[in-house]
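First chain A sits with chain B, and in the next complex the same chain sits with chain C.
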Partner chain A sequence: MNFEFKEESGLEFTGNWFIDSGVLGFVRLLEDIYGIELQEIREIARRKEILYFGLFPFAYICSEINRKATAHSRVPKDLINEFRFELLNSDWESGEEIFEFTWNNYVTRAAMKVWVERKLESVLFKKNGVDELPSDLKDSVTSIKKDADELEKKLVEKHADDLNKILGHRSKRFKSDDIAKILSVTDDDLREFPEDLSYSFKEYRDCLLNLMGLFEEKWKRDVVGKERVPEALDLFYRLPIDNKFYKNFLFFQYSAAHQKQKESLLDIISFRVEDLEVLKKVDKTINKFLTSYKKAENTYYAPLTSRHLKSFSEYLFVYLISFDRAFEFFNRMGYVLFYSNDLDITYRVNRKLRIRKSKIEDQSVLLRVTWQEIIDSLIELKSEWALENMYIIKYRDVNSQTQRFVDVEYIGISKMHAAILLDDVIRENINHTLQVGKSEYVWLLEHLIQNKPLKPVVMRHLVMRASGRTGQMSIKPLIYALAIDSEVFSGLKACVFEDPLEISPRMEEVVFRIKEAYGEMNTARRNVTELIPRGTRENTLNHLMSILRRNNRYLFVNTLLKILMQENEAFHRLKNYLFNRILQNDETWDIYAAALLTGFLGGR
Partner chain B sequence: MHKKLKPLSEVDYWQIKKYSRSAFENIGSESYRQRLVYKLLNTARVNNQSDFFSFLLRTLNSKKGDENVRKLCRKLEWVYPLNPENFEKVAYSIIIGIMAAGKGE
Partner chain C sequence: MPYNYNHVVSAIIYRRIADLDLASQLHGGKGFKFFTFSQLNIPRRKAFKNFLLSEDGRFYFFISSPNVELIKSLVEGFIDKPEIDFLRGRVNVEYVEFLKPPEFQRNMKFRTLSPIIVKTVKEEDGVLRQWDVNPNDLKFYENLQKNLVRKYSEFHGGYDGDEYLRVIPYQRSIKRKRIMIPKEDAETYHRAYHMKFRVEGDPRLIEFGYDCGFGEKNSMGFGMVVPS
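Our next item is the complex of A and B:
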């Protein structure tokens, strides 16, 4: 199976939401770490090796490290920029060479601080933390730890109240969270405390710094820039990363030592199907949304091995392990992803959703905001075909045991709606919020996309207007809404099978017809407003409206004709409209009648 | 059993409207027509077919010889009797025709 991508870069969606989410996660990962946008990533992707063997592994490890890091140990921006600069401006022979360079010189530097923090914690708070150390560190660490323990005891016993101010809690021992706090206390901060405390505190801090210095030195000596770490210390130098979504997957395993972590990341990137058991099959091990390969054998008619997928997507596993990055966490809703089968539109909409994250609090707002972003992206990209397949995917939490999908919601727009929305005039006019109740507002565009008729909304709004309960004055959106309704919900003969060649011309025609209907309705409305005296209009409006709400066509015409008897000019202007659009029109007369009623309101 | 009613098309309504317009060009004064329209509107509103035709035909009878009146009568002869749904459409077509008559000048 060969798959031809439309972009040279190969960075495109595949049509499988699962892999596509991974692609999006991949893009987001790079965006988060390097601050580059999709277009730029695509350009870099022309040099595949640099992207997949250099930029990706570094970004991936950085994001995992940052997840574990405290404010002190996050990967510094300077390091990231330095790496990117060096990588992009050098010549490389192979992917492996890039990967070696990336891991040995930069991944190790990025991981150093978190590693040191973890080691410090284990020495201070784990029972046999010191025993696990390599022999050359043991002696010096033991003596420093002894000092530190004494100081800690002294501090806790004598200065419990003051420590409470600094650490925010009282206890008989320090906790691992306290390290960061202790390190962030400056000499200035200590001035307000008794000299005795400040002295001991500084000394304790120095002990910590000393220990950290020892570890740092060791890491720099054995790991940074080295091709291999010393074999005996392999596990000691394990990168402290952990991800509950990919629990136990290759380099996340606790028993995976430094060298193994490095190798398996390279295996994933270069997709070595044959060598590695885990990569042969695509199942629960890699992603919790998949079934287990062994346990639920009957779910497969033919076991899906990744070998089959290799020609389909060259860097499949790179995407698969980026899957969790695609989702964004929203309060009260869980993890949410907007998905359509076009990378550009999906990327844009999700990014904009993320920017507006703070405003999104519940389901209805999410949908509304999503629609706004979709429409914006739609106008920018004119990517009509992608609109038919759009989903919002939500899950509550994912760890190694559970996989709780909350909801997958289909929100596709039909071709016809997309055609309507792509017309600037119509879109601008119905991008309008109508007041329909005391504090109830309806966004016409949203209503239309959800394929609901607009006339009931317009009618409710007309009632508000007639009774003077709203300050809204505009007429155009009302008439456009009615014109759309008259074309969208009528006249389309219910054919099950239609000649596909006739569909797209009809789509274009629909926009044209909507505009025609608008023209006709608007003329009738203006004639009513201009030719019937204000007093008559106001007196009869409510009566006509109640007739229309009871759906009584002939009574409507009857009453209208009685009014028009007195108004020669108006009758002659309106008689064709009355005859053709109301009397003769069995399907949509009520919509045309409603348009006529807007004339009775006056307004712009 | 009811006699099977004739189906009416848009063209029929359009003809009825046109014929009534030309027939009433020469019947009565402006105010006479206005009174007639009122009466017809009221009967159409309650779907009273017999009264509607009684008013209408009485008026038409006064100008039997007129060519346009004859055309309208023939058309009505063809469509009569009407079911309620068709009647309303025919009635309003006639009323619109009458209102349109003589006001164009």
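Our next item is the complex of A and C:
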């Protein structure tokens, strides 16, 4: 086996799929925000504190902000790059120091625009929005809001049709969604509308900008760069982030004020099991499938105590709250994750699925893309040991109330299949799609991986070829497919346990035997093509195919013998094949017979 | 063709074994030959006093052996040289076919395609002489069983199974056949028996009997059977 234990970084899978999904979600989170790939993350992970106390919390908050942000409030790329540069190029004494720096200077800056947007929405559309403001803001906000309300009324009453063109709807009042649209309208855009509308619209937009300016100023003054926000305004400055998956968990709770959010995130990262009640157990606060500690009604797993898991995974909760990031949403399928027990393969395959997302519309395409990437990874990473345990996990929804599995599909490749696929010659030759119906094609490689026999596919293809209904001409893939079938499906013993010492040599042997079988089949096939006249071949092919479909070995041989009695040379070349591989071969004679039929087709 | 043609067919078989080493080994060896053949089947035949006539010149027969190489070599021989000397004339092999063997079980029913011979040794006037035994004599069954086990052991290099073999003929099916085989300027007459019978025993032994023939002188065209 070629696996090397890679990690000083500690960033590896644990073998528990739930935690591992979190590890993958963690990696994908960092990749999304910073544009760095797994290998680079592993490099950074050698400085664990920077990764877990700096890069992670900032990325996590950024992704939560961006999840619902407008174009205006998304975290700017420049800010992310600036943070990353400063973090990686400074010296730090502890994780806590890094976290303080990250939160106070960058999380607060990243969250400013989204916070301002929410406050603006609250003031404009919530009944008591202004009342909830601190006193130093109330007067100025009330005054601007009054102007804005008058302008809004005027615009809606007088310019309903034109507003419809700008906002896409008719309404007696603006809606919260309209704010982003109004702010994005430029002076140029307004030129095509009446001057009256244009003037009032600009005035209304200025009101919004003034209000936002007030909020921004306030946030900068009280929050950015500060160790603590003013105690009385703690809830006012709550980061407006919300995650349906972890609705009731720590910093996502609506009651969690700014300081609580900050502390909770640090608690999660430092995994302070003793200090915080909620971290003492891993329960259904995180996932519906875990035990509820209060009412142990839906016990699917045994109760898990964090204390036990701490030594198992140092940053357990970091991974657990990244769990939902591992899944990708596909139309008609829901949230899908490919999982194997190897981080590299899992990471690569899921990344490929994500890239091809727009083309994946159903299960068959999903599997095909998955297999292609699995095979590429297999060849490059040579982690065939990981391939025995692979799953496609599907959630209908990642909502906190309906975390429901749709399906967990086992798609593991056996050691034997992995060994076959690792051989370049065999793999290249069965990496072919055969036409088996008018518009039906079968990818041989996929079929093999799914442990389905290849001979039926070859036979269906031969029927197409014999009736001239396909333009496909190649012979090699057919013979390789049959050679694989003859070895993979022969001599299978129904034993539950196999002597481990015997497995490895058998794996090596199987590739050799497939190539031998290929050689023998190909020689026989060529002899048929070259030594039996074309007319005879064409006249007999359908009859032989029909005999083979009926599984009548003796009739097959006798029919062939009748032809060979007229073709002495062909008989001499084929007699051993006929006797040894067909007549005396109870198990796989039909596969060897099918190989002969390819010779009746002709071609190369 | 004459009624006693066993030696003629036997000669054809020996001549058509393409593997010369195998042929001389079979021909010269003193032990069992491990093959058997059926009587000739003549679909359109006319019987005369001293001979049979195939009106369309066609006939066929079956050959069987546990020795795959022998069968392979025979088929090769027939296909290589389809023209064979037969008595004073020549015939052509039109085609060769393989028969699907039955599934061998502990209990099976067979009928003979060539009659079965079983011999025993008796002392007469102080001299030990060979006698053909008939199916009314229990010695017939005892020797049939011993012969089969011996042949099996010789072919496979031993036999580790149950030697029990029970052969029960259907009495009304037993038909005696007297066959003459010329041997070194003399004529030897054999009393052989066609019959339908039920056999019970180790399927390996039964399979071997099917392949090689039951009873003695199999390679001279005795003891070939098919499921009944």
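Convention: the second predicted complex is superposed on the first by the 585 of 604 C-alpha atoms of A that agree within 3 Å, B and C clash if a C-alpha of one lies under 4 Å from a C-alpha of the other, contacts with A are read in each partner's own complex, and residues count from 1 in each chain.
Quick note on the criterion: a residue touches a chain if its C-beta (ideal position, glycine included) is under 8 Å from a C-beta of that chain, and two chains touch if they have at least 3 such contacts.
These numbers come from a predicted model, not from an experiment.
Placing chain B and chain C on a common chain A by superposition gives a clash between them.
Judged by the touch definition given at the top, the superposed model places A:N81 against neither chain B nor chain C. In the overlay built on the shared chain, the residue A:N558 is in contact with chain B and with chain C. Of the two partner chains placed by superposition, chain B and chain C are both touched by A:Q584. In the superposition on chain A, no contact is made by A:S140 with either chain B or chain C. After overlaying the two complexes on the shared chain, residue contacts for A:N568 are found with chain B and with chain C alike. Only one of the chain C stretches 129-137, 147-155, 183-191 or 219-227 carries C-alpha atoms that clash with chain B in the superposed arrangement, namely 219-227. Overlap of the chain B and chain C contact sets on chain A: residues 553-554, 557-558, 561-562, 564-565, 568, 571-572, 575, 579, 583-584. Residue ranges of chain C in contact with chain A, taken from their complex: 68, 72, 75-76, 79-80, 82, 95-100. Of all residues in chain B, those touching chain A in their complex are 10, 13, 17, 34, 37-38, 41, 44-45, 88-89, 92-93, 95-96, 99-100, 103-104.
Within the complex, the chain A residues that touch chain C are 553-554, 557-558, 561-562, 564-565, 568, 571-572, 575, 579, 583-584. Chain A makes touch with chain B in their complex at residues 553-555, 557-558, 561-562, 564-565, 568, 571-572, 575, 578-579, 583-584.
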